[in-house]
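Okay, structure first, notes after.
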Amino acid sequence: MTDSKPTLGVGMVGYAFMGKAHSQAWRTVNSAFDVPFTVDMAAIVGRNEENVKAAANKFGWKSYETDWHRVIDRDDIGLVDVCSPGGNHAEVAIAALQAGKHVLCEKPLANTVDEARAMVEAAEAAAQNGVRAMVGFNYRRVPAATFARQLVAEGKLGTIRHIRAVYLQDWITDPDFPLVWRLQKDQAGSGALGDIGSHIVDLTQFITGQSVTGVSALLETFIKERPLVASTEGLRGTGSEEHGQVTVDDAALFTARLSGGAIATYEATRFATGRKNGLRLEINGEKGSLAFDLERLNELELYLAEEDSRIQGFRRLLITENEHPYVGAWWPAGHIIGWEHTFTHEAYDLLTAIGDNTDPSPTFAEGLQVQLVLDAVERSAANSSGWVTVDK
Amino acid sequence: MTDSKPTLGVGMVGYAFMGKAHSQAWRTVNSAFDVPFTVDMAAIVGRNEENVKAAANKFGWKSYETDWHRVIDRDDIGLVDVCSPGGNHAEVAIAALQAGKHVLCEKPLANTVDEARAMVEAAEAAAQNGVRAMVGFNYRRVPAATFARQLVAEGKLGTIRHIRAVYLQDWITDPDFPLVWRLQKDQAGSGALGDIGSHIVDLTQFITGQSVTGVSALLETFIKERPLVASTEGLRGTGSEEHGQVTVDDAALFTARLSGGAIATYEATRFATGRKNGLRLEINGEKGSLAFDLERLNELELYLAEEDSRIQGFRRLLITENEHPYVGAWWPAGHIIGWEHTFTHEAYDLLTAIGDNTDPSPTFAEGLQVQLVLDAVERSAANSSGWVTVDK
Amino acid sequence: MTDSKPTLGVGMVGYAFMGKAHSQAWRTVNSAFDVPFTVDMAAIVGRNEENVKAAANKFGWKSYETDWHRVIDRDDIGLVDVCSPGGNHAEVAIAALQAGKHVLCEKPLANTVDEARAMVEAAEAAAQNGVRAMVGFNYRRVPAATFARQLVAEGKLGTIRHIRAVYLQDWITDPDFPLVWRLQKDQAGSGALGDIGSHIVDLTQFITGQSVTGVSALLETFIKERPLVASTEGLRGTGSEEHGQVTVDDAALFTARLSGGAIATYEATRFATGRKNGLRLEINGEKGSLAFDLERLNELELYLAEEDSRIQGFRRLLITENEHPYVGAWWPAGHIIGWEHTFTHEAYDLLTAIGDNTDPSPTFAEGLQVQLVLDAVERSAANSSGWVTVDK
Amino acid sequence: MTDSKPTLGVGMVGYAFMGKAHSQAWRTVNSAFDVPFTVDMAAIVGRNEENVKAAANKFGWKSYETDWHRVIDRDDIGLVDVCSPGGNHAEVAIAALQAGKHVLCEKPLANTVDEARAMVEAAEAAAQNGVRAMVGFNYRRVPAATFARQLVAEGKLGTIRHIRAVYLQDWITDPDFPLVWRLQKDQAGSGALGDIGSHIVDLTQFITGQSVTGVSALLETFIKERPLVASTEGLRGTGSEEHGQVTVDDAALFTARLSGGAIATYEATRFATGRKNGLRLEINGEKGSLAFDLERLNELELYLAEEDSRIQGFRRLLITENEHPYVGAWWPAGHIIGWEHTFTHEAYDLLTAIGDNTDPSPTFAEGLQVQLVLDAVERSAANSSGWVTVDK
């Protein structure tokens, strides 16, 4: 079958967790949404040929490459999707932008503020030529989160007073869990802070339209040493007899002030036994409140301080109505969507922006700003929780 | 300290579970509510002198009697509170009413329809002389239930379409649980049906303002024989080697039609493992819905099909606002009350009605009507779930 | 990219709601699961050329046909997926099976028992030749439901005593909602009963391993007349001035007995204001209980009556662990899936069965058995809720 | 009726919110629990004779006094219950202890650390003579909280890693709410911090057995000026045209470290729109987690990281079993209790300790320690959230 839309070839760097999720998005976006391009899943990139070939096959990519420079060079590729670890983001994204390819870059934008600043520069230069860059804070595309932002923007909550945001996981509570790359600063940048703390910083800023201006923070590493990785097979790999130093935080806690006068508590941890993907937000405004839980991402709790005090209460909204963001593209009311759909929404928004010749959001500048908040957190924690103003 | 209000002496028959709960109500009602009488806890009645004396002491009664006729005779007693088993209700209540004493009678009104009819007659005769009778369906006095009735009466839900009501308990799932009096028809009248099924029939009729007109029912006794009771000590007593026949239902299920066009499912069971006091209702109207759970009796869920479909959802109302029924007498918003408070509310309403010289609700006639529904259920079940019209 | 697996060409009849959902499954199954075939989305069938062509394009089918006989004839098609309305199922499915094509048929299997019986015969004949037939009760493939069945089969709940199952929707509460085909008996067979009641019958039988043996039922049509459909555009179309008769049930309520001694209440309705896709089950066994809600399909509540009574309670299981059915193929623990994934699981199981040369479940015979239960419900309702034994 | 137990006369200072709650406890404790004394509600104290007389009448006190020194002097009074505002606590409590009367003092122990230290001294001196003192952190006596402490002590959670505690209210979100005494530093000591923040500090320390050693804090007053109080009638009184300065915090946020290695976030606010009495705790340990919500105080959520990962989940425990703390004295399983019962439990524990000649807990020293944490919070906030070690 043919379609009259122009084709946009996608080259994706990385084929692990995020690569799998993004593949699902590229494969689905044309069937779910009306977008200005027909996506061509042109190439997937990985260093290990056997593995990347298998991934290409499984996820539906037409070809594979073992060197990321190849997707920069190939003429059939118009968009580079960067799903590799954070240390690699700047190099690939900047090269792609300079080669005139649109870029979708996974969060966090980079491992350091300097790299992130360079990426912003490259993105701004590219935008002059109609080349677009977006950072992949996919939770903005949870329909409930997008809708929460709308409610705040409509003034339904009035002035925002309080934000409390946690991102709770428990996958390394076992002291025998091995020292994987995510627990090493040189590769991961930070621990819970960058991996999941970045999500709640971005998401609360997105919903409230306010930005974090200062923080007081506390970082903790509960388990200081762990077994070295003996093998990476299975879900968690296996550990060896030898141990090494954990060089990132297990948990990050901070209080914050935001630009519009709200005050906040943030917590990101991998030691909240029983919480698997517990991103929870509560936002209290003068006139109403919101509560959200990623483990129930099709729901949003809403309180409106209206006239009849007898019938005020938190409403459990099922965000599956046609009138809600994104979901009209999917199924009838009450038929829930999953975590992966956020990536399809991301692809939809990015393709739409490219077609409209506008900058998609979150821009690299927005990605940098989150990075600057994380940086302030680390500086505060290093200075006994002293108050630190977020850089511009 | 003295108070200028007239004193009303109460004589209570029975000192077990219900006796304890009612004692708490009589002891508390003057401190919580403004009622037209000062309650005098004059006498408690039980056949075993040692036990009733201890109960009098513990629960705060001024005297005790071992023969219920004594409280009928005593001049210092103006109200008789009947908390004895159902088989005894008619005799005591009728004697009290004929002696000009107000009566509060625990539910179910009686073990048979005939007894209940006689009680209604006695109550109607007494009412001519300003003597009042009320049946103790205490769940009407859960503030959330009273408020639910108000919402329906205000038309917030529109025409009622559906009722689904369950009362789920699990205290006899163990086949070794002994054959206590509640499992014997001659003493208890019926099993789950009369004990807890009566509550959901009454409560749904109360909230919707409709009455059950016909039923199709199924009764089941899962465990047909149980150990005879060897001793009544402890929470469940202990069983002997010998077994006897269980002569009541373990569970009762029925569909029903109501006078206003609603259709309903009802279920009462003592075999719902994990449910301790699971009285749950859901009522769907043309314009809104309600949901209630007795294990969270301070809450009511309310759905209103209003204009903006984006923000419709079940609201979790915390029924602790000053504007809600009864609760203004207690604590500030958010401070929950317990199950026992329903009895204090019952006492408050009864005393107010006596003071106002009006009939308190539920009347004995309302108690009889519930009995007639239960009777229809039993006749339907005996006739292979055939449809049975409720008698008048 | 090529793959060494054999290719299986799929021809899908129908392109509306179910067609869209099935397309998503066929497009995804090879990326998510290891199946013995590479799916080729060969052809989609619809009578309106313009529409079916657009659907082919959007959903990713290689070709389209306007006559379903074509997919029976085409050599490149090995499996026919029947997503057309129920009245068409028998004709297409039987033709396909006789032509040696595997068949996936949407539920309910047929609009009449006779048609269903003929389909079972055809399926059994075809199975002799290694041709497979499955009926699409997709909710069996909700991981929580499959896991519930495992728990019952392992004996975790002991003997099952109670089932209470409801399927609550509210899309036609407005009396001005037009008389669409689903409200007409000649096209839809029945109303809430067949559409959603069939799901709860199948699902509870699947989980408990027991089958419904008898029922007492009540059917109700609250709104007897509705505006005729003036236009089908938009979500609900628009109604005309003229009205016509609603010839199906708005709601179906029944009590039932099951083969293993359990008793049950069932309710299916389109008038439960505020409930969008409220399929809820509760199952009580001697030793434990389960509760499930399709609007939170990644969760399962489990109660186990274990030793220490202080710490017994309903557990909210998040069914996203690697050890749970199906979900290991998707995302890490805590990352939820959506309603549509059930179809991918269905495709996975069907392809696996074809590869293993075994009969997939639910077979057409299982689909017929559900039909027989619905038939008993209709007969009971027609006979004033009299008890009706389910035919074999 | 008489009882052979010795009588203990109680004199209560204060008759507002806490006075009403404590009255209910003194009136009830002998009926619910087996305690070594028969409580005699001897005298209630208030400065306004008309009001205190009415309170005495309503709440069931035998006499009233208008000068608190009188209850110190009266021989029929053996226990003084201090329910007056915090600024008055030290004076009354010390005088009572010196006069050999047992003391129950409402929280917070005092408005200043100096006063609290003096009270501890007085209590320790009195204890030498068998005179007992307790501070009224009543939430320790929520059965779920007491049970939570037991679970931690039994090691069910392993080493505690995280505490997150909030106490959310919303009663002053309206800027026109008048400047009541609770919003003035000279009378209330502090705002949300002392009033409700003290509860979560005490409760989390009680449950975990760890004490807060250092904090970094942020205090905020959202509404800096409010109408002066024109009249105190009604629930919130009415405001005048004139405005005055709010001199206490509206909200207090802090991170903390505890003695056993746990890290914590705390938040107390009166600006969480929609939260009425939202005291919520979550505690994560190496082997399990707990969650609690005061608006559902009969429940406790418990997660145990046990062997079979398929069936791990947060359990909703209904804390109404006979085996749970306190509740065996009340009603059968599933029959919930209310907020006020915590005061009856407090009275029970205090009377038992007096009878056993042991120190009741929380002692005044424990009350002081909470005060020292609050003091550290205020010093940190005054110093731009700098880290402050809690004094001893």
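We just call them A, B, C and D in the order they show up, numbering each chain from 1.
Note that in this section a residue touches a chain if its C-beta (ideal position, glycine included) is under 8 Å from a C-beta of that chain, and two chains touch if they have at least 3 such contacts.
Quick caveat: nothing in here was measured; it's all calculated off a predicted structure.
Chemist: Sort out for me whether A-B or B-C is joined by the greater number of C-beta contact pairs.
Modeler: Contact tally favours B-C.
Chemist: Centre-to-centre on C-alpha atoms, which chain is most distant from chain A?
Modeler: For chain A, the chain whose C-alpha mean is farthest off is B.
Chemist: Measure off the straight-line distance from the CA centroid of chain B to the CA centroid of chain D, and report it in whole Å.
Modeler: About 35 Å, centre to centre.
Chemist: I'd like to verify one number: the distance from the centre of chain B to the centre of chain C, where each centre is the average of its C-alpha atoms, in whole angstrom.
Modeler: Here chain B and chain C have centroids separated by 42 Å.
Chemist: Can you work out the whole-Å distance between the CA centroids of chain A and chain B?
Modeler: 54
Chemist: Can you list the residues of chain C that touch 2 or more other chains?
Modeler: 275, 312-314, 318
Chemist: Please name which positions on chain B make contact with chain C in the complex.
Modeler: These residues of chain B touch chain C: 157, 161-162, 164, 166, 168, 170, 173, 216-218, 220, 222, 251, 253-255, 257, 261, 263-265, 267, 269, 271-275, 282, 284-289, 303, 305, 312-314, 384-387.
Chemist: Which of the residues in chain D end up touching chain C in this complex?
Modeler: That would be residues 147, 151, 302, 304, 309-318, 321, 323-324 of chain D.
Chemist: Any idea which chain A residues touch chain C in the complex?
Modeler: Those residues of chain A that touch chain C are 1-3, 17, 21, 23-24, 27-28, 30-31, 53, 56-64, 169, 171, 235, 275-278, 294-298, 318, 320, 322, 330-341.
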